[in-house]
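The data blocks that follow each hold one structure.
Both of the next two complexes hold chain A, though its partner changes from chain B to chain C.
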Partner chain A sequence: MKTLSKTGWLTFAVMLALAILPPVFFLTGNAFYLDLATRLVILGIAAVGLNLILGYGGLVSFGHAAFIGLGAYAVGIPSYHATWGGFDMVASYNGLFHIALAVGISALFALVTGAISLRTKGVYFIMITMAFGQMAFFLFQSLNVYNGDDGLTIDVRSELPFINLDKPLHLYLLSYVSLVVAMIVVKTIVNSRFGMVIKGAKGNNERMITLGYNTYIYRLTAYVISGAMCGYAGFLLGNFTTFISPDMMHWTRSGELMFMIILGGVSTVLGPVLGSSTFILLEEVLSSLTIYWHLPFGLMLIILVLFIRGGLMGLLIRKGR
Partner chain B sequence: MTAMIEIRNLNKSFGGVTATDNVNLTVTKGELHAIIGPNGAGKSTLIAQLSGSLRPDSGTVIFKGRDITTKPAYTRARLGMTRSFQITSLVMEMSVLDNVALAVQARQGHSFRFLKPARNVSSIREDAMKMVRKLGLRKRADDPISALSHGEHRQMEIAIALASGAEMMLLDEPMAGLGPEESKLLIDFLLDLKGEKTILLIEHDMDAVFALADRISVLVYGKIIATGTPDEIRNNADVRHAYLGEE
Partner chain C sequence: MDYTLLFIQTLNGVQLGLLLFLVASGLTLVFGILDFVNLAHGSIYMFGAFICASLTYYLGNFLWAVLVALPLTGLVGYFLERIVARHLYDKDHLDQVLATFGLILVLDTSAHLIWGPEGISVPLPAWLDGQVEIFAGAVIPTFRLLIIGTGLVVAGGLYWLVNFTRLGMLIRAGASNRTMVSALGIDISTLFALVFALGAMLAGLAGMLISPITEASIGMGGQIIITAFVVIIIGGIGSMKGAFVAAILIGLIDTLGRSFLDDIFQLFMSEAAAETSAPAVSAMMIYILMAIVLAFKPLGLFPPKVR
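== the complex of A and B ==
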């Protein structure tokens, strides 16, 4: 067997802790910590997905919260209609259908918005992805059927074979396994020939085009994969919070997601997970200490990002030779 | 002799500057054609229009019998054309081997392959390594491009052009900034390629140009003022006056 690298060990340790600690807390009567861990793991999936294009592709997408929101509404809307009637085409509690819808809709939204956004670059790309995200936000805000701004309560969670999402432990384990799969998927993609093209285009797009790569199509594909992963995270988040609102799609949410990645370390598979964990835990600790937690929280994050190059991953793995 | 590339009535201006002024030029298969001319003559601009990174204002570019004037750069590359850059253009954060491997991979068709690690694709790795060795960069194979010297960067430009397997190479001042030793090596290297590849070479180093070229075109203010064999160019009065004479 090949020996694990330092990064390999760190990944193993973090993922082992996530596998064991939250369930143990739960089983010993500390349900709250499982809740926290579920949120952190779900946002971890979204961050890992966004990192495919942000970290490895060098494309700063500022609208990824929209995909999470779409995924959550893909649970909320069918469930709502299954309870209250109407919209027979989608009315259903079937979790597999919800997943297909969440992934399908967010992939489609990524395809359409990506096809346009990827024609631009730099600051324009950031602006236009943000604009598309806000478009989704305003669209759901105006949908009065689903309570617009006030949001939608999910009365019945997605029904899956063998898994009961009403049980916190089931939901956590599904989220955890999903995170592991997401990490493996991203790791495999970035090491593949496709991944080399994406990484090459980040470093020098013109050179890649000159070599014969239509980088636009490769980037668009990565964008769709990334959007679909966030849509799936939205499916889990909807089932976790059982309350969804357009606020999930707001650009500040996209910003938080980006922040998690930068905090944890871009272009690493574990980085976004470390980032989402630190983000959620810090938020929790500070908000329990004082109601004026936003300012110290923001300052701490900025200091962390400014002074540790390469994020937490850079801090933990010293790149010595 | 068959034409590899034909340039017809090509024009390009930037605001008031005419960088390409009704250029007509044919490079035949297997020829090493050099373009010389003073700074700002429009040599790089010409290459950019041939490789597809810049659209001409008017005129036609025919490559292997196909009109490619409006084709994007990646399509031209797929048809068998490659270029090197006057200002080194590589993927800085990737290793020497990975940079060359990307050129080899491009040649193998589409890259919508998601599962197998790229580094385990032996057909790519072996070809890339062969090229790295050929350019004398074997010890540097795993170093990031950013750690290389200027001379090594110039070698990489050539390695990548070669690794892409293109029949036609557009080389924009490959010797820029090289010392006499390094230049000599590169000249020998290009001599080896003569006949095998069709090369359009832009170069300020006159020794290199006269040693390598089958034919030479002289570009001044975007216009080709003369085309001929090295001897003809050496003895051309206009050229001596406009360009060589000033040296």
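== the complex of A and C ==
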């Protein structure tokens, strides 16, 4: 058997803890902790997806919350019409259809916005992705059919074969398995020839172009994959919260997603998961202590950027050396 | 078409554009010279509004309050630069975005702690609170004229400062090559702090001017900062001229879009369809404009010449 590296052991330990602890809490009557864990695992999927382009590709997207929101509305809108009638083309409770819609719409949105955004670079890229995210935000805010700003309640969750999403444990296990798959997918992509080109373009785009790679196409593909993963996370999040609103797509949400990745450590497979876990737990602890929890939270963010290189992963792995 | 309404809305658009320019000019100065993405710039705008609101009640007069609040806001900017911002100059943009995102949380919560969760409305002196009839039927509030006047004066002042003074020369030189400027013996650290404080004063001024109309409130910084970024991206980062043109353009498009888009849509679609789609499109209009500009000119309308 191949021996695991330090990062490998850490990944194994964290994922094992996530597999065992939340269900144990749930079965011993602490349902609240399973809720918390479900949220952090779902956001972990989104963060892993964003990390593909942000960490490995060096493309800082500031609009990824839009994909999560689109994924969530891909559950909410069909479910709404299945209950209240109208718009027969999409009206359905079928979960597989919801997933296909969430992933499909997100991928399409990523394809269109990515094709334009990737023509720019640096800060322009950060800002144009944010602009597209805001467009989605304002679009859903003005859709009065789906209550606009006030949001939409999902009365009936997606119906999947063998899995009952009304049962918290089923939803958690589905999210957990999805997270593991997402991590394996990103790891495989990154180590493939395709991933090498993406990483090479991050280091020096001109060099990769000179070597004969059309990096634009590679980056666009990565952007679409990343958007689709966030869309899938949105599908889960919609089923988890059963309430969706344009607020999910606001630029501050995209900022939080970026923060999770930096907190955990960019360009690592485990980093985003560590980051989303720490983020959700911190938010929970601090907000229960004081209504002014943004203050210590913001200070930590600044200190993190100023003094800690490589986020939590950097901290943990370096310590262990 | 109602030309009186068009005239009034155009003035409103220009007014919004000038306020945006005040915020965006500071942003583009800091960005152009320091290569620093400051998301927290909007929080300084909010601080300007709150400081001015408190002083209005303390001093009893809005105009005196503005005069005292201006240097105070500059001071806030100066200390922010000394304590946080200067440590971020050599980091990459991602780190800057994150750290200043944290700074927003800190500053907004501080405002919450100091002034409480409610917004504060700012009373105007009687002679500013009235309305002026420009021509038959076109009545607009006096204060909006004051905003437009102030905005134009500040824009003119900045043009003079950047193009005809020693400080402006250093700013332009710093924007094109800051290493060279410091090699020529300029105390670049002081220059940076000055530029940052100047940007803070401009943003603060915008916050003070808007506060009698909307009131000073916690979330106001987050709303304007994104629009201000859209302005400097469309204008071209670091370009003062670009910021001015883009700010007026966005002010007009946003205001006129919100008031006339459903009329325009009704020309080629049903009334019901126009009424549902127009608000959505008008809210997205500035982002659509930005996407179009960047699709054709990836560096904005007036990109800086050398770097």
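Following the convention adopted for this analysis, the second predicted complex is superposed on the first by the 317 of 321 C-alpha atoms of A that agree within 3 Å, B and C clash if a C-alpha of one lies under 4 Å from a C-alpha of the other, contacts with A are read in each partner's own complex, and residues count from 1 in each chain.
Simple rule for what comes next: contacts are C-beta pairs under 8 Å (C-beta built on N, C-alpha and C of every residue); 3 or more make two chains touch, one makes a residue touch a chain.
Note that the coordinates shown come from a computational prediction; the quantities given were computed from them, not determined experimentally.
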{"item": "Partner chain(s) touched by A:Met127 [first = chain B, second = chain C, both, neither]", "value": "second"}
{"item": "A:Trp84 touches, of chain B and chain C: first, second, both or neither?", "value": "neither"}
{"item": "Touched partner set for A:Ser192, first chain B, second chain C, both or neither", "value": "first"}
{"item": "Contacts of A:Gly203 with chain B and chain C, given as first, second, both or neither", "value": "first"}
{"item": "Touched partner set for A:Trp9, first chain B, second chain C, both or neither", "value": "neither"}
{"item": "Superposition-derived comparison: chain B or chain C, residues of chain A touched", "value": "C"}
{"item": "Which of chain B and chain C A:Phe32 touches, first, second, both or neither", "value": "neither"}
{"item": "Partner chain(s) touched by A:Leu211 [first = chain B, second = chain C, both, neither]", "value": "first"}
{"item": "Intersection of the chain A residues that touch chain B with those that touch chain C", "value": "none"}
{"item": "Chain B partner contacts - residues on chain A that touch it in the complex", "value": "188-189, 191-197, 199-200, 203-204, 206-215, 218, 221"}
{"item": "Touch list for chain C against partner chain A, complex", "value": "31, 37, 84, 87-88, 91, 93-95, 97-99, 101-106, 108-110, 112-113, 222, 226, 229-230, 233, 237, 276, 279-280, 283-284, 287-288, 290-291, 294-295, 298-300"}
{"item": "Chain C contact footprint on chain A (complex, rising order)", "value": "54, 60, 62, 116-117, 119-124, 126-128, 130-132, 134-135, 138-139, 141-144, 251-252, 255, 258-259, 262, 292, 294-295, 297-302, 304-306"}
{"item": "In the complex, chain B residues that touch chain A", "value": "51, 53, 72-74, 77-78, 82-83, 85, 89-94, 98, 101-103, 105-107, 111-119, 121, 124, 160, 164"}
